[in-house]
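A quick write-up on the structure given underneath.
Note that the chains take the letters A, B and C in the order they are written out, and that residue 1 is the start of every chain.
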Amino acid sequence: MDAWDIFGASLAAALVIWIYSFAYRDNVLYKFAEHLFVGTAAGYSIALAIDSINRVAIKSLITSPATSWHYIIPLILGATMFMKYSKKYYWVARYGIAVNVAVGAALALRTIPMANIIAQINATILPLWGSDILKIINNWLIFLITLGGLTYFLFTIFPKKISGRTSPIYGFYRALYLIGIYGMMVGFGALFANTIMTRVGFVISIYLIYLQPYYIATIIATILAAIAILIPILIRRRGK
Amino acid sequence: MSLAVRRHIPQLIVSIIIILMVIFYFFYIDKTVSSQMSTADKALSDWAVIITGFALIVGGVDILRYHMIQIRKQGIKQAPFSAVTISLEIIMVILALIGLYLSYVAPYLGITITTQPQFKWMYTYLYAPSDAAMYSILVFYIASASYRAFIARNPMAMLLLITAVIVMLGNTTIGGVIWPGFLSLRDWVMTVPNTAAFRPITMGAGFGVILLGLRLLVWREVSWMGRRE
Amino acid sequence: MKPLDVLEKIIGSREVLYTLLILAIILPILSPIGLPVTISSRTLAVYDYIQKLKLGCHVWMELNYEVAARGELEPAAIALIKQLFDKGCKIVFVSTAAYGPLVFSLLQSMAPDVFSGKKYGIDYVFLGYVSGGEAAVASLARSVTGTVSTDNYGNPVSELPLIREANKATDYDLAIIVTSATDTINYYVRQWFTPYHVPLLFVVLSVIAPSIEPFVAAGQAIGMLTGQRAAAEYEVLVGRKGLGLAAMDAQSISHLLILIFILIGNIVYWVKRSSQKSKR
């Protein structure tokens, strides 16, 4: 690693510590790191967008204009998106957005019935009797919880409760509704547990990649962050 | 400009493209027509790819404008921070454009936008660690929220807590030390009740997207055009 | 002050919790415990599936995760790449997220041994970032050369031998989607599996795994590797120790700490509730 890389890696460790310092208190070093992040992220997005446009459209137009001539149309439509800043001609941007919205909607619309609905229904239609008891219990659970969840989300108009008595239909509906809710509690419990795993995993990887190899920079950045947090507290206490 | 040009023609474009792309996907007439439909379908997808690039650039420009306005509104308090954002954004774009220029003028150097050395340094040592830290700071809030969220107040919350404990112990190696069955139990929870619980959500999301597509088709969905009129 | 109030004050103090959490992460890394990693049947099933792929197969790998997600996804991705390269498989990398070029360069820097001896353009290619989300995925499925004219490094894709061999979705034996976003999974299920029936493998963050399970259960993917646990298991299977294994002790201790806090929170709640009931 050359000197610039070592300086960069030390700065990286410092940025991580200053961003983490926000968990304790907002401070000037966190603000600096946050604004640095926003600036580099925005610059990076613009750069990669230019890269994508260059490699998909511009290079194609230069190397094979016979087959790629139509890329001029999205290039013009894309450029018109900047018209959104105009008070008089803001509507010109809608043409480019229209194409994008339409293509996105169409791509999803034509494949979702198969991917999200039919395939899922197929996967729910499972044998509910047989010799393998464990498999049958699992199949019943999948069937009932899926049906219960669908009842909870989609069939939201309850059958009327006849005064004084619970009708069999209402009872059946209510049972499915409750199975759905309890099933979802299991799902959300798993989701929360996995969320903890993911977030802890993020911190572990950051420690291993950015902080542990450059521990001197980490310690200096921590001391600076502590000073940045303590100084406003002390100033406020003195003021009182 | 008339309402037709400002609103109706963009909406008509949306409807026509949706109808055309659905026809391209589902209808087969003969091999020649199918091949032409396939080419047209791909062309429309490529157009969306290119226009999305411009949308990202517009997003970046929006951030620039926002921070310039912040400097004007909030003065010396915000100026140093917004100046950091603006200057870094501009520097990164300039470095990227240098990489683009070199890729055309001197391709033998092998430099492109993403391999321009100073641009690479900035994204490796400034963007990457700060991006990582921003996402991961949530662990502190999730840890402090978890012991409040996992109070077993009623049977539903108890079920949530039990499932979370099983999955947490199944996810970690210490669970295997406490009881080797936690791993299999976690796999069962994920493949049976969890799958069944999220299946209606998957299907519901599918229905939602279909409805959105149909609403766009019949001009009922206008939020994509913005609010100004 | 009552012991219960002291306990409540301790768990309510975020500074104490945050500091304990940081120590629970750092100390097991500095002084590893070495808890054994058992392989789950689901991870083994994925490993066996890839082992059964033909030698020299073509694999598509989408890298769609931010830098923060490297800890959960990169170890599994590297282990998969090692297994595929050991089988002589050829990999085309792409990203439909702007951070793609960044994470690919970081992945390569973490695993130079895996890529050593492999020729760019013949054994692997990186197409770079292609904007457009689902439109990009659909377009690439139809034709790679018809979508991008150069790869990430400026090489014309039509001149790369690997792209000449595998130019569309149906040319690939497996598509591996390494992602932190559920949207990307949806795009590939809709644009690669539904029309072309390309086998999909998901490598995802733990947090999105519950919502992706229905696709795996419906047979729209051959399997799924979830988070750091699956990454550690896969590293054991391919015989290359990496960040996944290094992180497991820290994961265990920090999870244990959070479980202790949950237990204390429940004890405080129930003792307070029963004492309020008995007062009435």
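Heads up, the rule we're going with is that a contact is a pair of C-beta atoms (placed from the backbone, for glycine too) under 8 Å apart; a residue touches a chain by one contact, two chains touch by 3 or more.
What you see is a predicted model, and the numbers here were worked out from it, not measured in a lab.
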With chains as vertices joined when they touch, what's the shape: line, ring, star, complete or other? complete
Pair joined by more contacting C-beta pairs (B-C or A-B): A-B
Just grab the chain with the largest centre-to-centre distance to chain B, centres being mean Cα coordinates. C
Chain centre separation in whole Å, for chain C relative to chain B (CA means): 17
With centres defined as the mean C-alpha position, give me the chain A-chain B separation in Å. 6
Enumerate the residues of chain A that touch no fewer than two other chains. 23, 44-45, 48-49, 51-53, 56, 100, 103-104, 107-108, 111-112, 115-116, 120, 123, 187, 190, 194-197, 199-200, 202-203, 205-206, 209
Overlap residues in chain B, where contacts from two or more other chains coincide: 25, 45-46, 48-50, 52-53, 56, 112, 114, 123-124, 127-129, 131-136, 139-140, 143, 146, 150, 161, 165, 168, 171-172, 190, 194-195, 197-199, 201-202
In chain C, the residues touching two or more other chains are 14, 18, 68-70, 98-99, 101-102, 128-133, 135, 138, 147, 150, 195, 206, 209-211, 214, 217, 227, 229, 251, 255, 258
In the complex, go through chain B and note every residue touching chain C. 25, 38, 41-42, 45-46, 48-50, 52-53, 56, 103, 107, 110-112, 114-115, 120, 123-124, 127-129, 131-136, 139-140, 143-144, 146-148, 150-153, 161, 165, 168-169, 171-177, 180, 183-184, 187, 190-191, 194-195, 197-199, 201-202
For a test of understanding, state which residues of chain A touch chain C in their complex under the given definition. 23-24, 44-45, 48-49, 51-53, 55-56, 59-60, 63-64, 100, 103-104, 107-108, 111-112, 114-116, 119-120, 122-123, 187, 190-191, 194-209, 212
In their complex, what parts of chain A are in touch with chain B? 4-5, 8-9, 11-13, 15-16, 19-20, 22-23, 31-54, 56-57, 70-71, 73-75, 77-79, 81-82, 84-85, 90-91, 94-113, 115-117, 120-121, 123-124, 138, 141-146, 149-150, 152-154, 180-190, 192-197, 199-200, 202-203, 205-206, 209-210
Counting only contacts in the complex, chain C reaches chain A at residues 14-15, 18, 25-26, 29, 68-72, 74, 98-99, 101-102, 128-135, 138, 147-150, 156, 186, 189-191, 193-195, 205-207, 209-211, 214, 217-220, 226-229, 243, 246-247, 250-251, 254-255, 258
Would you mind writing out the residues of chain B in touch with chain A in their complex? 1, 5-7, 9-11, 13-18, 20-22, 25-26, 43-61, 63-65, 81-82, 84-93, 95-97, 100, 112-114, 119, 121-143, 146, 149-150, 156-157, 159-168, 171-172, 189-190, 192-207, 209-210, 212-214, 216, 224-226, 228
